[in-house]
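Supplied in structure tokens, the structure appears directly below.
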Amino acid sequence: MNLTHVDDNNRAKMVDVCCKDDSFRVAVASGKIEMSQEAFEAVVKNNIKKGPVLQCAVVAAIMAAKKSSELIPMCHPLMIGGVDCDIEQLDDLPGFKVVVSVKVDGKTGVEMEALTATSIALLTIYDMTKAIDKSMRISDIQLESKTGGKSGQYRRN
Amino acid sequence: MNLTHVDDNNRAKMVDVCCKDDSFRVAVASGKIEMSQEAFEAVVKNNIKKGPVLQCAVVAAIMAAKKSSELIPMCHPLMIGGVDCDIEQLDDLPGFKVVVSVKVDGKTGVEMEALTATSIALLTIYDMTKAIDKSMRISDIQLESKTGGKSGQYRRN
Amino acid sequence: MNLTHVDDNNRAKMVDVCCKDDSFRVAVASGKIEMSQEAFEAVVKNNIKKGPVLQCAVVAAIMAAKKSSELIPMCHPLMIGGVDCDIEQLDDLPGFKVVVSVKVDGKTGVEMEALTATSIALLTIYDMTKAIDKSMRISDIQLESKTGGKSGQYRRN
Amino acid sequence: MNLTHVDDNNRAKMVDVCCKDDSFRVAVASGKIEMSQEAFEAVVKNNIKKGPVLQCAVVAAIMAAKKSSELIPMCHPLMIGGVDCDIEQLDDLPGFKVVVSVKVDGKTGVEMEALTATSIALLTIYDMTKAIDKSMRISDIQLESKTGGKSGQYRRN
Amino acid sequence: MNLTHVDDNNRAKMVDVCCKDDSFRVAVASGKIEMSQEAFEAVVKNNIKKGPVLQCAVVAAIMAAKKSSELIPMCHPLMIGGVDCDIEQLDDLPGFKVVVSVKVDGKTGVEMEALTATSIALLTIYDMTKAIDKSMRISDIQLESKTGGKSGQYRRN
Amino acid sequence: MNLTHVDDNNRAKMVDVCCKDDSFRVAVASGKIEMSQEAFEAVVKNNIKKGPVLQCAVVAAIMAAKKSSELIPMCHPLMIGGVDCDIEQLDDLPGFKVVVSVKVDGKTGVEMEALTATSIALLTIYDMTKAIDKSMRISDIQLESKTGGKSGQYRRN
């Protein structure tokens, strides 16, 4: 298989999607952040007290979804139709799992938007907790599913 | 320990660093992307042929380092003094490891810049390879070391 | 009535508009800035001499309309079709009234674009006049009318 | 008095601050949004339930403070040192009052940053509540105080 | 003929394109940079060794195409469908010629996107070579052709 | 001589300027746009009537100076201290000459800021005049002078 983003002169290109039809597309991505028990408890306690750490990460995720085409060089600008971000508490890790779902009615998919939003939400949690624990690790950023578009449906096993 | 980015009214705040002295600071972060053998070989072959995939990821990393304070809500704007990004080929994973080093002479650290740049480089590799493999996974985004500033040196074990 | 931008987990979300039809929409917003007689006369005199204060505010308004979805966290990106900005001289206040009209053929309205553009135009007048008067006040930023979309027409009394 | 942002050819200019000394500066701005009783109660209830409306406005304020020099054409880029945003419930209006404080150790003041952040926080509340009430009005955006810099202290009467 | 971007009050406006039909449009622009023999040879040698100068300029061009409506005040936001950038070596000048082609299925043309991308690619070559030669000159930035839209086809003689 | 923006692995890097001292620096750049007599007269007439074309180009220049590090991948973020933009009428070309001067007290020069601002001002004139003449050509974008910094003074012959 070929790399789609490389032209005949071996240069980067933004793939032409003009001739594609608009279709309804959804992409869901997820990722995790693992932290010390002490940092985890600080975030959980903050969340119970209506604190801003996780709310802030949700807002950052949604704003990042809109910025994906500014960050990922070959990513198309898209009129995103909807974004949802949820954050699950993982007591055993300990840490948090971020799940972002992005929807569009457009000519190209929103996988990069969902993955970028997930990454930025996790980095926001890192930023707001790093005074307690600098060794936190972000992992398992991956596409969970996508629907719509010519390449059809994808669902992670 | 307390969360530094939360004020007395339990709202998010950007921590005041005005009274800190400028100091020379370096932060190094890294992360990995794991992909199918087929996708890996396509990127390796592209790189041998002077192709743009990894070069594009390096450029994206450097530009993202400069955008961190736009993406991470409580992150301070900083006049970044230098950014290096290297990408190692991991034949066994298979996949790639991105390492970003950011330097500043300023009032606050560049951990978030290094981590954000690493994340965006990995997402750029994903974007340019996703036509071959949608199941790639980004992992182990973490701070390797930091020097400078009041909290002193950190080196990952 | 419910808040539309809050999901079942009580988190912020960007409302899904994918299934809405494109329709032609217009939103008009306005706002005022009140200033000292001295500051007012400086701006009026500048305007008579082809000076840049009000022209600069118009340009800032149009550029801000295009940036609304970067600024307002849950605001959808939109391909704005047209923006007009007018500035009236209010001799009695004394001060200026900014009126911005934004048009789109799209899935969601442009109220936020018109209101954001109005706000930034007023702040630009403030910025360019603040050496004379720091006590200027910006008021009455409001939606004048909107047409198009499912919720139909709105006209302020 | 003269308009500082206009050059000898009657064109807009960004005032030269290179020769100014760094000094510690604080600016505080405030503004209000007035809404229907129904919209007000929806936001208050949302806040009690740890909902995101006001938290989202605080995050938007802090991010907008960092974007002021992108929005206000003649505004200098600045390395903001700290931002606090508080939102008071005004039962009698009914509505909310936003107060933003911005700090910097730099060559020019942060009045525009405080005023821009205040404006965007108010617009964010508007956006997240507009499905209930389109007639909300934003008013009294004004500088409360500033300290530091050559022009010295300002405090609103 | 009239200036289209000026309203009846002699103010700048973003022209209303809401009523235009979507059509498939392509614009091609080009430009040159002339440099000393020494700087030219450094770039050519870098390119032979898989070096990043020209690859970086291509990436900058594609990212700038997406930013045109943020930079050119009256330029419409557009969902660009594809961007190609090629760089030719001009041994006789000596220097380089950048050619950018932008495609869209939309309501307005992509001439400004192609011209802006060309300009930024040339400035990127300047930036990465300026330690060797500060006297480089960028010239002949021009539209080569456009197709689609009401004004029809344009081809430079 | 070597390319400064390429690291030992032949990748792009942002040059480290942390150890440089702050110094007062000025860069002046210029460029021209050549157009048909008809387009030229439309802009001149617009300018006489206090019209926005040239004022808009000045504002675009100043805002672009602030965005240089977002556009030019290896360009450092800088706290620009002042920007002036002048536009001369060239009756014989016919066309216009843009001259931009940028000042900073910082660790690295502002050549790219002056050149980028010049380019965007010229593109803005193109955009607002292109309905009359699509064959306009932008040329002679070049550094006129720079002062300050380790490499000392440069003045174009």
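Think of it as A, B, C, D, E and F in the order they're written, each chain with its own count starting at 1.
Methods note: contacts are C-beta pairs under 8 Å (C-beta built on N, C-alpha and C of every residue); 3 or more make two chains touch, one makes a residue touch a chain.
The shown structure was predicted, so the numbers you read here are calculated from the model rather than taken from an experiment.
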item	value
Third chains touching both subunit F and subunit E	B, C
C-F or C-E, whichever has more C-beta pairs in contact	C-E
Option reproducing the contacts of A-E, where over half of them reappear, out of C-F, E-F or D-F	D-F
Rounded Å distance, subunit A centre to subunit B centre (Cα mean)	15
Distance from the mean Cα position of subunit D to that of subunit B, given in whole angstrom	31
Per-residue overlap in subunit E, given as positions that touch at least 2 other chains	11-12, 50, 52, 55-56, 58-60, 63, 67, 70, 73-74, 77-79
Subunit A - residues contacting subunit D, complex	50, 52, 55-56, 58-60, 63
Touch list for subunit E against partner subunit F, complex	1-6, 10-12, 31, 38, 42-43, 46, 49-53, 55-56, 59-60, 63-64, 67, 70-75, 111-112, 115-116, 119-120, 122-124, 126-132, 134-143, 146, 154, 156
Contact footprint of subunit A on subunit E as seen in their complex	24, 54-55, 58-59, 62-63, 65-67, 77-87, 103-105
List of subunit E residues in touch with subunit C within their complex	7, 9, 11-19, 69-70, 73-74, 76-79, 106-107
